[in-house]
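Heads up, there are several structures right after this.
Here chain A shows up in two complexes: once beside chain B, once beside chain C.
On to the complex of A and B.
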């Protein structure tokens, strides 16, 4: 589809609402030392100083985001109040080019679907470019009355808030438009990075943000997603069409590290490791994360039909080799310079079959594993082209593919169980596998129409809506609605791994695999058999993974490639050599002298602070850490029967119940009693290991030990005990 | 097209390192062999010298995220330092390990088949030859 307006028309329609000049501070040892504050209600722009204390306690990235948000909101603030903020920060390591996966931005805001602090990790060039333009973070508060673009001109030290009426809202168009608008010429487009959302973020609570990067070879903007928790919805509620940064200060030393030679050595070592091993290990360079599809199906972990089942014979239609063929090969697909893991794969020249862009040939970023499983198998959809089309429209409309997949699967199961019918869906036949209905649901979200508007509220609100308006059984919906804390589950079946049930439900922001993925360790390899072992894993891994988000790093190069001798090390699951790489990177950038223990302590401060943030917002206690039973065990007889042998054996050997003579219904009940008790015992063990009381509240001595016993933190914790 | 490249005969190499010193001197005005665009080391398995030289194969061209590496008019693979962002992906992905990098510097360097080292080799272990590229 032709763009409705030319770049000249778009440009001449811009009205500058505020102009602010500054002298960009050069980065020193990973920090510029200043952050940018923009208020869209008042058009105030100011610069804040980053204190040594902030760096010591919160490090950067997600830590800075949480700290600024904490100071911006009260316990009464809701996501669509003007005081809610969107904070973007890359962290001190973010922006180095030598080590793969080092260009991440962390986005923090109060979430429309959880009501509490949300953090989302995203690639693209915005975060590093912002830092090299002088800012360790940007905070956006307030709401504009009309659509605006905020532009950071890092070369000339100028920031503008501009009324932007004519740009498109959908990301695949607006990111191109803004890139062209703010670049001096074709070659300069590489120096422009943008953030945008899309039309569906205007009408749903699951809006995401697209962070762009200009792909020189494809000559187009690529999009990476800050997917989780509806931050795109907040973005559009603030009437932001786009954030734009432009800088030509992009070199191998722009992050001005303390020890560049150490970064070079560590980076080259990993580049070589990826060259030697990727083809034998994860195939990230050719298939991206989509390489996981058949592995998950083979291990019974691929969500099928709203997480009822863990595998499907048709999963092979969407297997790694299928994606390997659809993705354009031989292009350095990193979402930041120097990422030779190169998982940011794309389908080029894809001709759309539905919606407003029907007939257009587009670049589709992905699909990644989470998308294949979410909008694919979880909805019973196994058509690769349907997955690509759903992927494209989710991205451009600004909708999180994980939440969209999980909530559509929930609606489908409700439809199949006649909780809702065509009457309620406005004629959409939401049977599992109906990709046309799924696509139409998505287009409705973008148009703000019909059942799309209801579904776009997310699983938690759909449950309430169906109970209130359609007389649905609340218990059944609670069991099958795959959300916890209001956030939709990401795409792994955790039923047979107690540790992963905790890995999902004991998260700070809601069930997302970026905190812990313990299934193989727990279920396949049986490395963490006791409650104490599992609790230790649920202490260490969430904290280790939190650290990536403090520093502007991607998790994938940690364990999606491993040194050849890793299996022979003491703790292969931790990938010790790579842990040392991260210690070296942090020390190499900042000049500090941390070790692997301090690395965990750094995360522990921020993690506990986020737990207290949840308390502040009225959550954060034990009842919010309980998963829906679908993630713990078989809800229905159909599910039990599908794994009858495994479940019968477990009843007999683990629960001490002889299944002989029991009906499936009785066995489901007994299994549930057993598993729910196991889960509570796990929670006890994890809370103890984390230094929290039995309600899940961090103990005062824990806070003191972590040096986060600030007055307001202690006050909140005391009031909840 | 035919492109000039360094040929090598490891069995003739006496490891005098004159080639490395010459190269480092031509490009960096130092004698430090770590600044050379080729390397002479020991190949313990074969009990002979390992000569690491660029074959002008061009794998690095497709690895570079900023298109800073390309072939010049004569087909030699060269780096445009204005475009390079110092990621060192090319260093890690060179199949010959003949893309080099020095300590804290982030600009990689490689052989451009100038032939200066050939002139100094006392044994004929390195020489200029040609390779066919598509």
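On to the complex of A and C.
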């Protein structure tokens, strides 16, 4: 596609606002030992030292992000205050090339939609390149008056803040422009990584960040997303067009591990396992996470029509084999070097049918499962090409596909229930299944106009807006609005799994499946029948998965492939051999001697610290852990009738209520009383297991035991008890 | 009658593990099948017949994006 300005014009329009030189510190055992601070209000650039205490307590990645953010903001800071920061950190293991899925960055900021600390993980090259340029994290504070680019030149030890008026804002263009601009020549583009957002992040609260990586086979810039919680909106509010890092210091030993041989051995073992088993197991190398679509529909877990239903006969139109055909095959698609799981699939040469780039042929990264389910089935849309088009525009406009899907589905249900009509939507016929309307809604978000601007506030604010302006029933909207803590739900139906209801609503940041995915263990296997069993799972798994975010790791190689003898192990759901791999990776990189218990404890410190962070920002207590009823059980008679046999049986056998003679309305009411009580009992059990009081506040002895009883932490906790 | 993950299911003659998985719509690839406590290898799913009264566990390992 043609860019409005040439690279030369863009370059000559840059004005350097601040230049800072430094001597890049080589990485030693996973850490450079320094972090970069940039203030866009004052143009201050400085380097901070990473202390041993910081490494011990917060490890890296999400931990470093939370610690810096904690020190940057007060309880009064809001997302669009200059004090708010965006912190990017890869963690100590991040950047190794021996083990699959080891190039993740964690992004932390105060979220526009939740008001509290948000963490989001993402692939792409920026995090590792930044570390190999000398920084374990970058903190960006302040707000620039005009659009800027921040450039880290890791080879020459030079950082600049540059006014950047002519670049595009949309990611598929600006990431290409910045890659070309800062690379010495075409071959050098591999050494440049960028971060950008898009035009919709200027007008909505659900903006995401795109992290690029140059795909030398496709000769184009690919994008991975830090999707959750609106950090792209913060990015654009700070007037950042892009972050850029360039380094040629990219080798298999750049992370300078303590025991390279251990990393090599551990990595080779998993590479072989993936090669042997992936084609028989999850097909990640050919279908990516989209392999889950028809499986979720088979198990009644695929969200359909705003999570009303869990399956649909048309789901097979978007099944794994359909995506397998659309994705270009035979190209190693890792979002970091050395990842043989290679699930970063792409649709190449896709011709856009709508919007400002209509007629252009583009690379579309994904869709992944969450996107297919979010912008697809959750909105009643089952046309694969519509999903690809929505995926592309969400990405380039800087919009989280999960939040977009869930909020569009909510608006569609409101439209079908006449809570809103064409009068309020400006003529958009937001019926389930209308992909043209969904696309137009997205284009409106990018233009900052019409109903798109209202929808772009997210589900929580839409509910308030509809009640205030359209006299909507607040109770109904609360029941069907799939958000908790302000964050839109990710794409699994949790109604039939009490553990997963907690897995979503008892999270720190809001309902995202990256803490715990317990549906099979609970609903299908019946392996965690008691409240104590569920509470144990809701202790272990969120902590285990938190650990990936401290270290710059992807979750997928943990359990989307497994060793042949995994079934014979004591705890196959944990994939013990892979847990040991992670222990070995951490020890191999850092030279420390942790075991699998210490691994959990490392996470427990950060997890509890984040819970206290929520308290600091005015959240973090029991009332914020309550899910919308759509996540717990059938809101409407239509939903009840769709699973009548299952619900009648449950009323009779579990709730001790004979459904005979009851109307559907009465049964919905009785079921609700039963399930809401069950949920509260689950919360009691989980709080107890986590060492929290009945309000959900970490006990002082818990904080002390975890060595996070810092003076200000204790002060906040005491004030909330 | 057999029990599958603690739920009763009608038994019939010549019920193979493969057939049982189809009936239950268990399409997830990362599963472990145990019959009366013994693991059945994947390669045996077609020919292994589920006996009447069997206690079947179909353990789904977690996945998710």
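Quick notes
Just so we're on the same page, the second predicted complex is superposed on the first by the 720 of 721 C-alpha atoms of A that agree within 3 Å, B and C clash if a C-alpha of one lies under 4 Å from a C-alpha of the other, contacts with A are read in each partner's own complex, and residues count from 1 in each chain.
As a working rule, a contact is a pair of C-beta atoms (placed from the backbone, for glycine too) under 8 Å apart; a residue touches a chain by one contact, two chains touch by 3 or more.
Every value quoted in this text rests on a predicted model; they were computed, and no experiment measured them.
Shared-chain residue A:11: touches no atom of chain B or chain C.
In the superposed model, A:264 lies in contact with chain B only, and not with chain C.
Once chain A of one complex is fitted onto chain A of the other, the partner contacts of A:331 are limited to chain B, with no touch recorded for chain C.
By the touch criterion defined above, A:527 reaches chain C but does not reach chain B. In the superposed model, A:644 lies in contact with neither chain B nor chain C.
Between chain B and chain C, C touches the greater number of residues of chain A. Across the interface of their complex, chain A is touched by residues 5-7, 25-30, 32, 39, 42, 57-65 of chain C. Against chain B, in their complex, chain A makes its touches with residues 97-98, 190, 216-217, 250-253, 259-261, 264, 267-272, 274-275, 330-332, 334, 337-338, 340. Considering their complex, residues 62-67, 84-89, 91-93, 101, 103-107 of chain B touch chain A. For chain A in complex with chain C, the residues that touch the partner chain are 280-283, 289, 292, 294-295, 298-299, 368-370, 490, 492, 513, 517-521, 524-527, 541, 559-560, 562, 566-568, 572-573, 575.
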